[in-house]
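This structure is in structure tokens; I'll ask about it shortly.
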Amino acid sequence: MNKNIQTFLACEAEYEAAEMVLFGVPFDGTTSFRPGTRFGPSAIRSESFGIETYSPYCDKDMTEHQIFDGGDLELPFGNTERVLEMIQEYAAQILSDGKRFVMLGGEHLITLGAVRAVVERYPDVHIIHLDAHTDLRTDYLGESLSHSTVIKQVWNLVGDGRIHQFGIRSGEKYEFEFAKKHTNLHKFDLGGFSETIAQLKDKPVYFTLDLDVLDPSVFCGTGTPEGGGITFKELMEAVLQLHQLNIVGCDINELSPHYDQSGSSTAIACKITREILLQITK
Amino acid sequence: MNKNIQTFLACEAEYEAAEMVLFGVPFDGTTSFRPGTRFGPSAIRSESFGIETYSPYCDKDMTEHQIFDGGDLELPFGNTERVLEMIQEYAAQILSDGKRFVMLGGEHLITLGAVRAVVERYPDVHIIHLDAHTDLRTDYLGESLSHSTVIKQVWNLVGDGRIHQFGIRSGEKYEFEFAKKHTNLHKFDLGGFSETIAQLKDKPVYFTLDLDVLDPSVFCGTGTPEGGGITFKELMEAVLQLHQLNIVGCDINELSPHYDQSGSSTAIACKITREILLQITK
Amino acid sequence: MNKNIQTFLACEAEYEAAEMVLFGVPFDGTTSFRPGTRFGPSAIRSESFGIETYSPYCDKDMTEHQIFDGGDLELPFGNTERVLEMIQEYAAQILSDGKRFVMLGGEHLITLGAVRAVVERYPDVHIIHLDAHTDLRTDYLGESLSHSTVIKQVWNLVGDGRIHQFGIRSGEKYEFEFAKKHTNLHKFDLGGFSETIAQLKDKPVYFTLDLDVLDPSVFCGTGTPEGGGITFKELMEAVLQLHQLNIVGCDINELSPHYDQSGSSTAIACKITREILLQITK
Amino acid sequence: MNKNIQTFLACEAEYEAAEMVLFGVPFDGTTSFRPGTRFGPSAIRSESFGIETYSPYCDKDMTEHQIFDGGDLELPFGNTERVLEMIQEYAAQILSDGKRFVMLGGEHLITLGAVRAVVERYPDVHIIHLDAHTDLRTDYLGESLSHSTVIKQVWNLVGDGRIHQFGIRSGEKYEFEFAKKHTNLHKFDLGGFSETIAQLKDKPVYFTLDLDVLDPSVFCGTGTPEGGGITFKELMEAVLQLHQLNIVGCDINELSPHYDQSGSSTAIACKITREILLQITK
Amino acid sequence: MNKNIQTFLACEAEYEAAEMVLFGVPFDGTTSFRPGTRFGPSAIRSESFGIETYSPYCDKDMTEHQIFDGGDLELPFGNTERVLEMIQEYAAQILSDGKRFVMLGGEHLITLGAVRAVVERYPDVHIIHLDAHTDLRTDYLGESLSHSTVIKQVWNLVGDGRIHQFGIRSGEKYEFEFAKKHTNLHKFDLGGFSETIAQLKDKPVYFTLDLDVLDPSVFCGTGTPEGGGITFKELMEAVLQLHQLNIVGCDINELSPHYDQSGSSTAIACKITREILLQITK
Amino acid sequence: MNKNIQTFLACEAEYEAAEMVLFGVPFDGTTSFRPGTRFGPSAIRSESFGIETYSPYCDKDMTEHQIFDGGDLELPFGNTERVLEMIQEYAAQILSDGKRFVMLGGEHLITLGAVRAVVERYPDVHIIHLDAHTDLRTDYLGESLSHSTVIKQVWNLVGDGRIHQFGIRSGEKYEFEFAKKHTNLHKFDLGGFSETIAQLKDKPVYFTLDLDVLDPSVFCGTGTPEGGGITFKELMEAVLQLHQLNIVGCDINELSPHYDQSGSSTAIACKITREILLQITK
């Protein structure tokens, strides 16, 4: 007679034994358009029952890896700064225990909390950022902590030339101008991704995946669907290169499961999460 | 760093310490119309986060009780008889450990598995049955094990005068005629419920609640909504009398959460589950 | 090896043998707010599989009656007047063959086509009208043929004192003033229904049921849900009196099934259709 | 050729000419369970096209009143305190111009911003509060500004005996104990409402309506549906007494329209808003 | 204190100052399959809040253009010919004021009203038509004014060789045969689009975009989804050539927003509308 | 006055006259994840009204063919083996009458019943299998008759080298290893399809199409959406080669229409069904 433990697909290791930690951050407090990414982590966890542990893409199996699933952080609603602190503390603990993590969002701002912890430990970290949006606003209606300012905030921590953006197809004019000077921006698709992988091979890398980089045809379960995105196969091709990198932290964000009642966006997120874990877990 | 344990609302006792056991049976294999009650138990568990542990109806709190949540049985799809055996074994174990249980469905046929275990231990058990449908068919398209034959199957085990049916408003003509002779049938509403409670006070009772006894206005998230049902307040009035009985087993079934995208049927099921647990747990 | 004949619940008589004819009019061409009642008749037909042929309310069974289901009229979209002619012709044929009919809508304007046929044969016909709305507008944005003018149009045919309205809780001020002078209007509920039944016992009666007379809690699958309606039980109590009347034609309209994804509104419409057929078919 | 001005049902007065001001606050930043009340005000405004300007309940017409619709406040996401300030400023301006207001939520916390403005001008104001939940928590996961603490926060401003709560059926144990000492709490229904109206006739009153006081059968389009609520007719009976009071401010909150895809919750909110405006506008 | 003016994305010019006029025609009166395009214009307008004013595709910004949004025409339901007259009058007024327009549907028949006005002023106009369907029927169930006859009706006005059809993948056999003789039909995709652009450079052009030319994977929110359509990127490539033409009028039609509950079809329509406006506005 | 006969798109031949038989099997009894394919056949039938009888892809028209639509088998719920027998009997009858068939699922296990009948008559039959999943499990939670074991079961009947799998992108490791030895497995896409067609030209072929071979962007209305599938155009290219084969039986399965509320998956299934019928009917 056992209690009901719910983890992502075969992530059943104990914390101590695990090399990789999965955890969720059900936060959507600064979402300006359609909220609901708070339901992302639990949807990914519970729907992972519908996919296989084995990947025919890389011929690996989740059951062969030691991954701990720490569940979701319990967050104070309406206090953005405190949420970021909680993420930072949790991530810092994992890093100080010599482990790495995949964080499931929630909205994109959560990346800031994780990067704060990562930068402290790896000051020379590079950021690979897949997204439909630049996320380089200075503020959003006066607030500097927002899903649409998060990469600007990360830039404040890491500086010029350390952020590599792909798939970007939306933003204000001044954001694109900022990117020209301060980040490595690749518009519309993943052109240049392999080259970036090659350049960053000996560096610590943080990988942040805003799932709305996918075309809405593939992934409509998100707050701000933006036409003209990449295909699933294009994303998979990129993900299958990740094992070449030293990824010290990672997040997968912006699944808003209720907006895709077919469940297909959640299934896509599950599969991408599986593939990323198989790529970056030793 | 803890694993993600998911239980119904404050049901966090260990099995040994618990007097009451909650478990789910995500089975809908004989559902003839619209399937989906398989999603019932997990929906009730995860949405219970949205309600309070305290009941202003009976002034009790879930945190004051020792209830174990055993999660869901893992079932073989397409093998009805084996599913019933698994339920029976699980229920029998609980009873033999001196505990009682609340089983979350799933479709109504699961009651048969539980009653088989109960009858073995309490041969004189009475059945209180709230439902929109008689469930007294002999067979359904040739199958004698079906959600629409389950009470007939239970009658095979307990015999005349031991089944007390309430709220019934649908069935074939011959089912109503059978009921006249063999069960205590109360058509349309809960008229006579208090009298039945009074009569059964010193007997072991199994309580089976098909949530479609509620009017579809209250509870549309079910496979076969049937107009003309009872109100939430009427159901609550009945539930609040349950502490007067010696309930040795109980089930709450036929929530099909996807059919009510407002989530309100699931919220109703959560609240009723809380109230029943508070009534029958010492 | 038989073709796939789809009829409403056990309405399997041949036309010649039938005393009662059921047919659908999937028209919503003048719907001003949310369209979709065109899907009503086919939804009622296909979902009738989910209910029983036997009624415990009146102890009758659909299998004991000879009812022909003629399917749906095939309508020219965008030509309101032609649609009304087609209804009138179809209804007139049924009446001239000595039969009666239940017409499934579709929007409420279809009543006008049917009443035109009925009035020709029964010039002294009375109209019993259950609805949330008066439907007594003179015109709607310049159009005199509209779902919101239909009872006014019927009044043009039958004149003062012949229309008996129940459940009405919405309309323009001038419509209520018109009703005071020209119809027997019962606001908000079914108060006075039994008295009306008693008065009309020896007269031909046309019964038109706009299902939005029901409260949206019971029946949200309609174009213009209007709070404060009657309950299912109140409607059933009225329906169960219909056998006292000489009903020469009848319609049940304004189910818009897509707006209630739980399917519960459609199930309600099926059950009401069954009960009306059992009441008025000999 | 005119611009597209969108107002609630016939609220077409200019600000200067208006005695009553309607405005929306699309805020759901502290919602702990299911977000989406941010879509409430615009849904109420755009769906008001589906109802009539005339009320047969009170025989008044919206076209006879001078009401200004100021649209929605544009809010900074993620900054709860700033949102409250903006509400307070907007409400204070209306009051200082000698007008009154109806505020459309949004989540319940917005009441605090409005009451802050009201208390400044009317220190002796009484609060009538209809809700499923006590909203008397001290904090929610550490945050004292939350939808579940709002009435406690209001009590901080107005003190003992000035808050009159109705329909309450959910909360933590300590909240009910607090209520016993400090507010006039009416559990489960509107019992005592007329008496309260009578007592408060010569006092300034702020009326806050959390629409989840309605039963989920009537109103499932809300973040936390709670079974056992009041009916539409019960709510209407209460609303129809409001003209007896001196209401200086009012809010109607917690419509989360996406959770009721039938649109019926939004239609209910529209109708209640119309009736409240007709009651309290001179 | 301002009224609530709702316009499409930064279309805030006054009529007099504007060079381009946007207006909506919420008409779906001849839709034969699934209605709901009546909700298109308001959905495009209100959801445009979710996209940026800046286009990284053409490096232009909506804030730099003078566009007037005239809202939606208020239409008489059930009177198709009158609707076409109203469109024609509105469009003629715009043209006679020396302006051009983008009309948002609504169903495809509305094109006929606009083309009537355009042909009067520009008798030598060419029509570029992107669609899944030929729309060349002679009549539909007897009606010659229908969404499936509209291009045939336009041909009646402009004659042979003036209609350029792209993306067509559905129709009756006789429609394809008609097209062979009378229009320039490009089956299945946009092959030949650039050549057509080149040919028409010095001619007045009317551009009509039935959004169902897109594959349903990209755009399922439409009445008649038809597999095998073009991708978003293919459509964008075509749109980005439009500045080479002298477009005197344009429409974007057949968004039926309720059929895509993810909102992604509406977001696509918003983005395409933005890009078309940026292309054709000086 | 005719009864309401509902057939798939112009399949109106009598059985005797027909060369091809269409029938539905609304079975989803072993579905382990999300049920609902039971609604597939009737959805395909009723929504076929929305597409044309003519195919511009192959320039043929459904009205020129003699196809009988036998409706759906009426199945005993909960008895998997009996369902397979009923399918086998029905298929055997068709074959023995010198006809061929297209069977509409339902879940994939139904293929086993049909192949049993086919193998008896054509012992040298080859199987072409398009699917996202290998379906080669030995058992699923102990059950050897399951949607995920069906091709393994078929292999038991036909043996090595007779099964040709395409599009496969999911399965357990041991299933892929089994495929390496016993079937002709083409991973991820339709590579090699034309070669297979060429090889099988003079052999009897059974064609089984699990629609989840399509990418979820195209076809999300299925129980287990699996990212990375083929496009509609790729599937059409394959289908358009089928006339080169001697197809003696065929099935199209795994449409679960309720999971795609846009209706677009059903429309895709209708179109594919039309094209397959046009390809394989003489």
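For reference, chains read A, B, C, D, E and F in written order, and residue numbers begin at 1 within each chain.
Just so it is clear, contacts are C-beta pairs under 8 Å (C-beta built on N, C-alpha and C of every residue); 3 or more make two chains touch, one makes a residue touch a chain.
Just so it is clear, the structure is predicted and the values come from calculations on it, not from any experiment.
Asker: Starting at chain B, how many touch steps does it take at minimum to reach chain E?
Answerer: Each step joins two touching chains, and the minimum needed here is 2.
Asker: Where the contacts of chain B and chain F overlap, which chains show up?
Answerer: A, C
Asker: For chain C and chain F, what is the smallest step count along a path of chains that touch one another?
Answerer: 1
Asker: Interface overlap for chain A and chain B, more than half of numbers shared or less than half: same or different?
Answerer: Chain A and chain B contact each other through largely matching residue numbers.
Asker: Report the inter-centroid distance (CA atoms only) between chain C and chain D in whole Å.
Answerer: Using C-alpha averages as centres, the distance is 38 Å.
Asker: Taking each chain's centre as its mean C-alpha position, how far apart are chain D and chain F in Å?
Answerer: Roughly 55 Å separates the two chain centres.
Asker: On chain C, where are the residues touching two or more other chains?
Answerer: Expected reply: 215, 217, 260-261.
Asker: What are all the chain pairs that meet the touch criterion?
Answerer: A-B, A-D, A-E, A-F, B-C, B-D, B-F, C-D, C-E, C-F, D-E, E-F
Asker: Would you mind writing out the residues of chain B in touch with chain A in their complex?
Answerer: Residues of chain B touching chain A: 1-7, 15, 21, 42, 45-46, 68-72, 93, 261.
Asker: Spell out the residues on chain E that touch chain C in their complex, using ranges where they run on.
Answerer: 28-32, 35-36, 38, 74-80, 82, 109, 140-143, 145-146, 258
Asker: Going by the contact rule set out above, which residues of chain B touch chain D in the complex?
Answerer: Listed in rising order, the residues are 49-54, 56-57, 61, 215, 217-218, 232-233, 236, 260-264, 267-268, 271-272.
Asker: Where on chain E does chain F make contact in their complex?
Answerer: Touch residues, chain E against chain F: 33-34, 168-173, 176, 187-188, 215-217, 220-221, 224-228, 259-261.
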